[in-house]
Structure formats: C-alpha cells, structure tokens
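Both complexes shown next keep chain A, but they swap its partner, so chain B is in the first and chain C is in the second.
Coming up: the complex of A and B.
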C-alpha cells in the first residue's frame, strides 16, 4: 500500500530526549533547576550539614558576624547558629511552598475543568466566586483564615491555596473550553470514551502547558506568602525555624549593623523565587513549532 | 440555503427489498444556531454496502454524519429518526438513545473516521495507547488489547505496526496518520463505519489504498457511509450514491446509474462540472476532484470495485 512504510521522523519520545533540546540554549532553565535541586538537597541533608541544633541557644556566642569560627553564617541575638536555622528553615519554607503550590494548582485545575464541562449554573458559580475572590486583597483573606484556624504549616498551605486557586481555575476553564471542540476530543467521543476519561486523558493533559507556566509562578508566590504570614506571626509557629520566622526575629536588627540576619533569609527567598521563575520561563515554549503541545 | 424541489427526487431513499438495513434515517433535520442546515433527509444504509453521500462543500454532509453519531457541535439541534440495527438484530433510534447507551454503541456499533486525521489523534498520547484505551473503554481484556490493536493497524494497511506503536501523532506522515485514525475507528469492528472526507488531503495512490481498505470491510458484511465531494471517489468505491443539495437528498440510487444518467438538475450540474472541460468554475467544490473524471469513473464502476 502506497506510503505505508515511510520511515518515521527521528524519534524523540523518551523524557531525556525530549528535555535535551530544550535544555540546550536555555541556560535559565538549567541554572534554575540546578539551584533548586541544590536547595532541596541542602534542606534534606540539614542534619548532616548544619553542625548545630537550630533551636539551641548559646549565650556565650550571641550576635556573631558571618565567618566566625564554628558559625560560618554567624549567630542571632540568642546565639542560635544561622546556617543551621537557614538549612532547617529551608525545609519548612520549601515544603510549605511546594505543598501550597501543588494544592493551589490541583484545586484550580479541577475547579476550572469542572466549570468548563459543568452545567451553566455551576460554571457561573465557579467563575463568579473566582472573580469575587480576585477582587479581595489576598493578604486580607489569608490573614482571616490564619487568624481563625491558628498558626500552623497546614493553615498556611490552606490559606495560600484558598487565595491562589482563581487564576489557575480561570486559565484551566478557558483552555478546556477551547479544547472541547478540537477534533481529537470529538474523536474520543466517537470511540465511546466516557466523559471522565475524556476529561482526564484528553482535556486536562492538553490544557497543562499554560497551567504549568502559572504553576511555577504559584510556587514562588506560595513561598513569599508563607514568609509574609510567618512574618506577621500567623504562619509557621515562631518556635519552628522558617525563612519567614527568621525575618520576623531579625526585623528589629535591620538598622543595627546585624544586616545579615535579615539578608540571609530574605536573600534565600528571593533566590528561590527567581530560580522557580527561571524554570517556568524555560518551560513556557517547549515544542512550539514542532506540531506538539509538549 | 437552496432546497431541491420535492418533485425532482425520483429515487430518493426507497430501500431495496431484501438487503438488511443497518441504518434507516427518516426525516432528519439539523439546525445550527436556529438555521436549518439539514432538512427532511431520508437515507438507508445496508449491510455489505458502501453508500457515498456527495455534495458540494457546505451542503450538510458532515453535519448529517455527525448528527447520526451524536457528535454535533454545541448549539446544534437534531430531530427525526435514525433506526440502527445491531448485529444481533436489536434496533434503536440513534436520535433518542440515552447518552450511556449511545456511548456504548460508539465504537462497536458506529465507527467514525474524521477528515483531519492528524488532528483527530491526541498529541500527548502515542498510537498504541490510543488503541489500547479504546479497547479498554469497551471492556476488552488487557492481554488481548495489544494484539487487537496491532491487527487493526495492519488491517488499515500499515505494514509494520510495531514500529508505530510507540510513535506520537506528530511523528506520523499524513498517510500514516489517516491509516492510524482509520485503524482506531475500526478497532472495535463497527457495524457501520462513517468515513468523513478521509482521503481529501491524500495523494491519489494513498487515497486508493485507504479506500480499498474500506471496501474490504463492506465485503466482510460491514456498512460504509462514505462522505465525499469527489464524484470519482463515489463512482469507484461506492455501491450507492446519495446526492445532498441544500441539506436535502436531491437524488439517490446505485452509483453507476446516478452518475451515468443523473436525473436531478443539481446532480447533472455536479457531474458536468467535474468532467474534463466541464463548467468547473460553476462548482468550486468539484473543481479539485483529482483522480479521474466522473464520466470516466462511472464507466469504471462496472469492472471496478463493485
């Protein structure tokens, strides 16, 4: 039969092969991923790298500057080792940031996709709620939730998800609505696939590229919100080291010469957000012009 | 919209006695945004027979097929009746079937191959997974899915299906994509296959190969609804032809008879427009009918695929 044994185009189906051409010429993506990986590794290996208990006070070594013997990043006013607190703080800040981002994106995608396929009244309910919440100052809603539920990492995750799902939902809804009439979705219907199957296998995966771009920004937003809530005393309890709590403790020292107590957690937050944004920017246009959506 | 006068439809819809109708469409109406696009359409499709639904672009061919398969776009409405008889003799009206039963019928009862083959494959899903998921959706045991999928690809004329099994749609050529889409529509061995302009974008050789594959299905007892604007395709590969004009069947009957001696003015015009040196400009839809003219093709039907 004519044309049936034509050689295939060069294969690029393995994940490594798919990533390789993207990584080339995308220094931001590679650097961002490497930096985040290093941060996660450092946080995971905190007990090995820290050398000190992050909660242990040492009255004989208070307010030491960076480079002091035994305390490479110095100590705070209570003599707690700043390197240890930074490493242990990374655990909470990164974990809470990632968990909040995952929950935000999952909830936003589910609500948006459901709204796109749901009866008109449910669609209207979701979109109007999203519009109303977008009109409220985010920090006000998060503060109220945190104040009602009490400060804890779980509250922070919930507060961030409750105030961050709307843009994801609106994007997911628009994408799924646009995809509904695409030929491959019609073809899946013509083959007798169920609505759930079509949603999970055909609509959501193809709606993911724009959602993933927003998702990466949500990670940065979540880390920042965690820090803000902790700074305001409504996030992670003060006895647990997190980057936000370290900022809270150090705010009085900003103008006293002990600038590093502020600069270290603030720098880590800024660096993490920049790295996540570099990754999201690097992932934005994969496969463009290659006839595929990934 | 121009509707053909009722009086000028001498052989519309009257089923030949004896042959088992797979689908009996009566009074089908389709409205899109309040505008009637298909009006009072009658059509009978029989087992072992290929029927070509021909007409110019925008005459309602694809909407008719999509209405029958329950795949109309949002905002479109349909009415009338379309009695489908399954292999075990059980009948059901497709237009009033509950969604669950219609879903079960799609695949094993009615297969649908689309014009935009590449676009009708999910870009994030490999070829093999398309086939396996479709078989899974209809309860085929896991250990039999791969073998059936490969057999369907082979049946659609792909000679080395194992090589395509893990390929993504963007890695396929146009002909390969069309055959994969055809394999997907046929993997559950549907009683009725609707082929919606599936060869419009293919070269004549690949087109002939794909259409031969379709004809082989009707030889095995399946029914085929071939939607095309190409009279040469209809003449060579269809047993019967129904000419659609302005949303109504203008004329229908055995392919050879309708195309050799058309009775309805619109059919005559359509045939003339596709002849070499005919008034091609009068019918843009027919202007591109590439491989052969209907007059010559009609002559081929006697010794051709029939």
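Coming up: the complex of A and C.
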C-alpha cells in the first residue's frame, strides 16, 4: 500500500518519489497477473492436465505423499488424486471467489459512495443496515438467503456478497467523505461539474486504493466462505472438489501427519490472495488520493 | 453500552473458564471421568428413544431387565420373572429397597405407569408395548403383564428405563422439563446439563447395586472429531470416542484404545417406489460388485468387518448370503438378467443405462467417505453411480434414489428387522422402512419370528428371512463398524460387548468402572 494511505499530507512531487512506487507496483502487477493467468489457464485445462478423475477413489493408493509415481501431489485418504482435485477445485474456487469479490466490492463501493453523498436519512439507512448485518452471524444471513433462493453456486456468490459488502461500504463511505472537502474536489465543484461527474471521475477513483486492499482480502474470504456454505449444503456439493471443500475434508488430518492435504489447498488460496493483492497494489496510481487519477 | 457489553463478555469468559475447570475432572483427582462424544440427544428420556441410548440416559435410568456382556437379558429392577405356558402372561418380581434419585421409593406402580404411558403415548417407542393388553401391579413388588400374543422381544424392550410415576403422572411421560432434569434409578444422577457443552453426573449412593466406583462422569459434547482428539491430547477430557482415522495408530501417552465390535452396519438402501430398482437382479449383482475389504481398509482403517446381512452379529446369523467381491459373478447375473454393457461401460437394458445417485448424511464423515468409494467401485463394475451427500435436513426419503443407511441391534433381532424390512412399516405408513421394501416371504418370516419365544422356531423364522433377503436383497450390505474409545490407561472396568448403533452402550457397566493407581 506504500504511502498512499496517508493522503492528507501532499507527497513531495520529486521524480524519484513518483517513479519508485510505480516501478515496484509494475513488477508486482506483472507477476500477480501472470500467476493468476496461469491459475485460470490450469483450471480451464483441468481435464487435459489432471490425468485422473477427481472423484474416483482408489483404495489401493490411499494417503500417498507428494511425489508418488502417477500422483505428483499425492492422494487423499480415499486415494483420490490430489493434483486432479486441485485443478478441478480451482475452477469452482476461482470462479466463485472472483465473482463474489467483484460483486461484494461493486455493491459495497456503490452503497458506501451513495451513503457519503446522499441525504442524511439514506446515509443512516446504509450505515445502520451495515452495522446490523455486521452484528449478525454471517452463517445465519447466508442460511436464510439460501433457504429463499435455493442451493446453487449463484446462491453462494449472492450469500457472500450479501454478508461481505459492509466493510467495503463503510470504508468507501469514510474515504469519499474525507475526499469531499479536498481542494481538488472543491476545484471540480467550482468548475461547475455535476455531482455525478464529480462522484464518478474524482471521488470514487481516488477512494479506490483502500478499497482495492479490501477487495484482495475479499477474494480469499469468498473462497473460504464458499467452503463453509458448501459444507452446509447450500452451494457446491461437499464431495465436488473446491479448495474450500478440500480444506474442510483435510482439517481432521492435521493431527495425523498428512500435512500436505491441508497445505495444498491452503497454499493455493494464500497464493491466489497474494497475487490479487499484488495486482491491486500494482494498479494503484502514484497520485491516487491527490486528485491525479486522470 | 460498550462498557456493559465488554463486562458481559468478561463475565461470559469467566463462566466458560469456570465451566471448563469443573468439566475437566481428569485422572488427577482420580475419581471422575470426562468423556467426549459427538452426538447430543434432545432429551434424557428413555421413553423417547429406542434401545440406542446415549450414555447419560443409559447411566441415569434402569429398566426391569438389562443386558450382560453377551447381550443376554439379565435381571435389573426386576429380580426375577415367570412366563406362562402360553407365553402371554409375564409376572415380574421387583427388587426390594430401590429408590429414585430424589429419594422416593420405586414401586410396581412406576412400572405400570411407564408401560401404559409409553404404549398409549404415540411415541417413537410405543410399538414396543403394542401387544401389551393389560399391565397391573399386584402389591408393591409384583407386576403382571398380559399380552395379546407372544412377544419375544418384550424382555429386551423392558431394558428401556422405567420412569417415575410420582413426577410424571400429571405432566405426561414426554414432559420436556423431565427430559432436562431426569430422575431415574440408575447408578449415576444428573447434576447439570449445559446444552451443546456437557452433562455432569455424580454417583448415586443409593444405587441398588451398591455405590459406583467412580464419583462422577461428565459427558462433553464435542461434535468435531478433530477437536475431540485435541481435547484428549490437551488433557481437557479423559476419554473420547475416536473416528477410525484417529484410532488407526492411536498413541497418546497415558491412554489406551478400547475397540468393541458393534451391531451397527452400513448398507445401500434403494427407493423401491422407483421402477428402476424393481428387478432384484441388479441389486443382487451389486452385492458382488462391492469390495468390502477395500472399503473397510480405506474408509474404516480396518475398524470394521464385512456385512452379508442384518444379522451377522446376532445368534440367528445363517449363511443364506455369503457375498464377496466377484466381478465375474456380477457379469453373469447382469447378463442373465438381460443387461448389456453399453459404449460407456455401463449396464443397459432397453436403452436405459443403470444409473442412480447414492445419497447419505453429509455430516457423517465416515458415511460421506464410504459413498465416494462405493460409487467408484460400482462404476468400475458398470453401475453408473454418483455420490451425492446431503445435509441431514435436506434428505427427503421419498425423493432419493439410494441411501447409505445404518441399522442394527445387538439385542433381540425383531427390534431392528421388523421396522426396516416389513412392508407394513413402509415410508408411506410412517414406518422406518424408508426404502418401502416389500417381499412376501420376508414379511411372513418376520411375523413368524416375533410370534413365539421358542428358540428353534425363531431360528427357523430368521433363517427363512435371511433366505428371502438373499433372493430379493433390500440393501447392498457393506460393513459393520467397530467402535473405538480412548480411555485413561489406569481406568479399569470397560468390558467388551457388541455395542449398538453409533457405538452407544459403551457405558453399559459404568457402575463397575474405577481407577487403579
């Protein structure tokens, strides 16, 4: 996040200060994008790369460690090939994670920005609703939603968004409120720009850095929440591999020495989160928060 | 507001810590045992559950009869009994000087009350006493039971706890308050039940069999298997029910694993209302398509034994069916039955591939794993089976194709056969024959088996039953489970016997348990 979280003190506009974060961000951006692209590609090509049916058990090859012949990442307790499960699992996890995160961030930003600029009653409505939802157990809200909408991956995405938009909205609201009185916004206002134009061109883009940090976190949150909901029968069936389901399955094995059944899905989730984080950091503009977004 | 909230949180934390300490007991003080278990019942009332009693209900209550290590019926609250020649009149002589945990004397009136209230109460247990025409007290210590027809399972059924008339006569036998604060005649009395956490019991000094060896037993409810093992390793509990994967190579200092067989089996039930399953051929073939040893080795880590039928652990077991993994036999049966393997390697008849979903309770890790392995094994033999675990609340019996079910009793066979396999107990009739299995020969044999006390006649009847279900298999029988419990090294008393469903019954002789040092 670098120095962009301290927007109140105008940064010294030396060439070095402008270039340094850019160079650092670009490297992270490229690496993050490349990594995510590789993950998406691997997930898309799962049927070609896997070599095994991710659901087929093999009772003659249970609990094999990584590096076993025919099973590069080993097998689980029922002899299912872990590489196949990781690849097929990536399809659900990345899809649900990305869709839920995009929806969460979009809904949260829109509601937060609206609350910051809207009449007091709407502001109160949004913030009080967010507070109320934050106080409720996430599972309760998600269960209610699933009972109404019926179990499906779409329900999972909706449930995650419905229970995850509040922090994004509160951050967006705070950020937009802070930016509203900044000189560059006042300048835009005095130039006669419309409220909508100021909101879309100045306020929201400049509020994005802290939001993008939360967004990266939301991807991980979404992948994990997906497994919880799926385990409760609200989304992806618990026997279909997703990283979250694999983690749930493997949790009991932490004590019995088969660490890799936990480490593989957990590592993939962490790697995905870091990559998304690197991308979101890389996308930051050095002048963000200073009105230099365009 | 914030202050009061944090105060409340601190208060709750202190209460939790205090509860944790009091629930710990442990081998240190030598006289209490804390046992971690996954399942928590809704109430501690033996009138509301069948013979698969949870440990608390088992220790708080006593029936007229009980079971010994061989699961034979032995006297408990009844000292002895006489059966008339026509097997319709039972005369029980009750034990003298038995008191309830609240100090009231136990009398014949309690027995009459319990039997009548259960029979007339429209409870899950009501059919246990359906044949009881009349039950009366003769004096304070004799009870006479008149039956409309012989009921060989009666003595078994009377091992279910007797309930106190003086507490329940007005409120009814299913009083929820009583289920929270039960009063029985067993060796331990309930002190406190904190839902979702634990139930603490202390020794009842007035127990008719003498004071128990332990001063108290606490049952801690820990649904998560990994958490149970962690608590055991941390010394928070002294004993725990172990999952097969944990029992495999169990080695925690200061503890030993007790492995008991159970009569609890797993089998694939078919929804017979569905035309696909009408033909017994594929059901027979699938019994040969399943590699039971592989299932036991992989899912149960060896803690189980192959199942051929519902009576393998009973004295009535016959060799009508001897299933083994035999792909050749599968092929033979299916081809004789007019099926052909299609291009996908799936058996097909009249253009219809043999395909179905195999469901089970997703919460039950062992069952959920088992259906994955079974689905793979059946697919390899040409049955297109898809594993489809469902949460317990989402299971609708009349809509599913097939289900990995669990049944079995170590006691009288009637209690665990008539319900699941007799056509009068079909799902539509509100019975526990969830697959609506109906076979005339099986029906006749089950009726014969429950109509007499004569051992030879019953043996013949249950042999006929096993013959009938070998011809027309209701299930693909898979495996019996072993129950493994970790207990402290210095606890003596747990004695092997064939346990009931879910391994219940481990505490059957808890009054004899004690620590040695």
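Definition applied: the second predicted complex is superposed on the first by the 166 of 294 C-alpha atoms of A that agree within 3 Å, B and C clash if a C-alpha of one lies under 4 Å from a C-alpha of the other, contacts with A are read in each partner's own complex, and residues count from 1 in each chain.
The rule is short, and it goes like this: contacts are C-beta pairs under 8 Å (C-beta built on N, C-alpha and C of every residue); 3 or more make two chains touch, one makes a residue touch a chain.
Computed from a predicted structure; not experimentally measured.
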Partner chain(s) touched by A:181 [first = chain B, second = chain C, both, neither]: first
Chain B or chain C, by number of chain A residues touched: B
First (chain B), second (chain C), both or neither touched by A:196: neither
Touching partner for A:253 - first (chain B), second (chain C), both, neither: second
Partner chain in contact with A:62 - chain B first, chain C second, else both or neither: second
First, second, both or neither for A:205, with chain B first and chain C second: first
Interfacial residue positions of chain A with respect to chain C in the complex: 55-60, 62, 77-80, 231-233, 237-239, 251-256
Residue ranges of chain B touching chain A (in the complex, touch as defined): 69-71, 73-74, 103-108, 110-112, 114, 116, 119-126, 133-134, 137-138, 157-160, 163-164, 166-173, 175-176, 179, 181, 184-185, 188, 203, 205-206, 208-209, 212-213
Chain C - residues contacting chain A, complex: 225-226, 229-230, 233, 243, 245-246, 248-249, 291, 294-295, 297-299, 362, 365, 368-369, 371-373, 375-377, 379, 387-391, 393-394
Chain A residues within the chain B interface of the complex: 1-6, 8-9, 11, 13, 180-184, 186-194, 197, 201-202, 205-206, 290-294
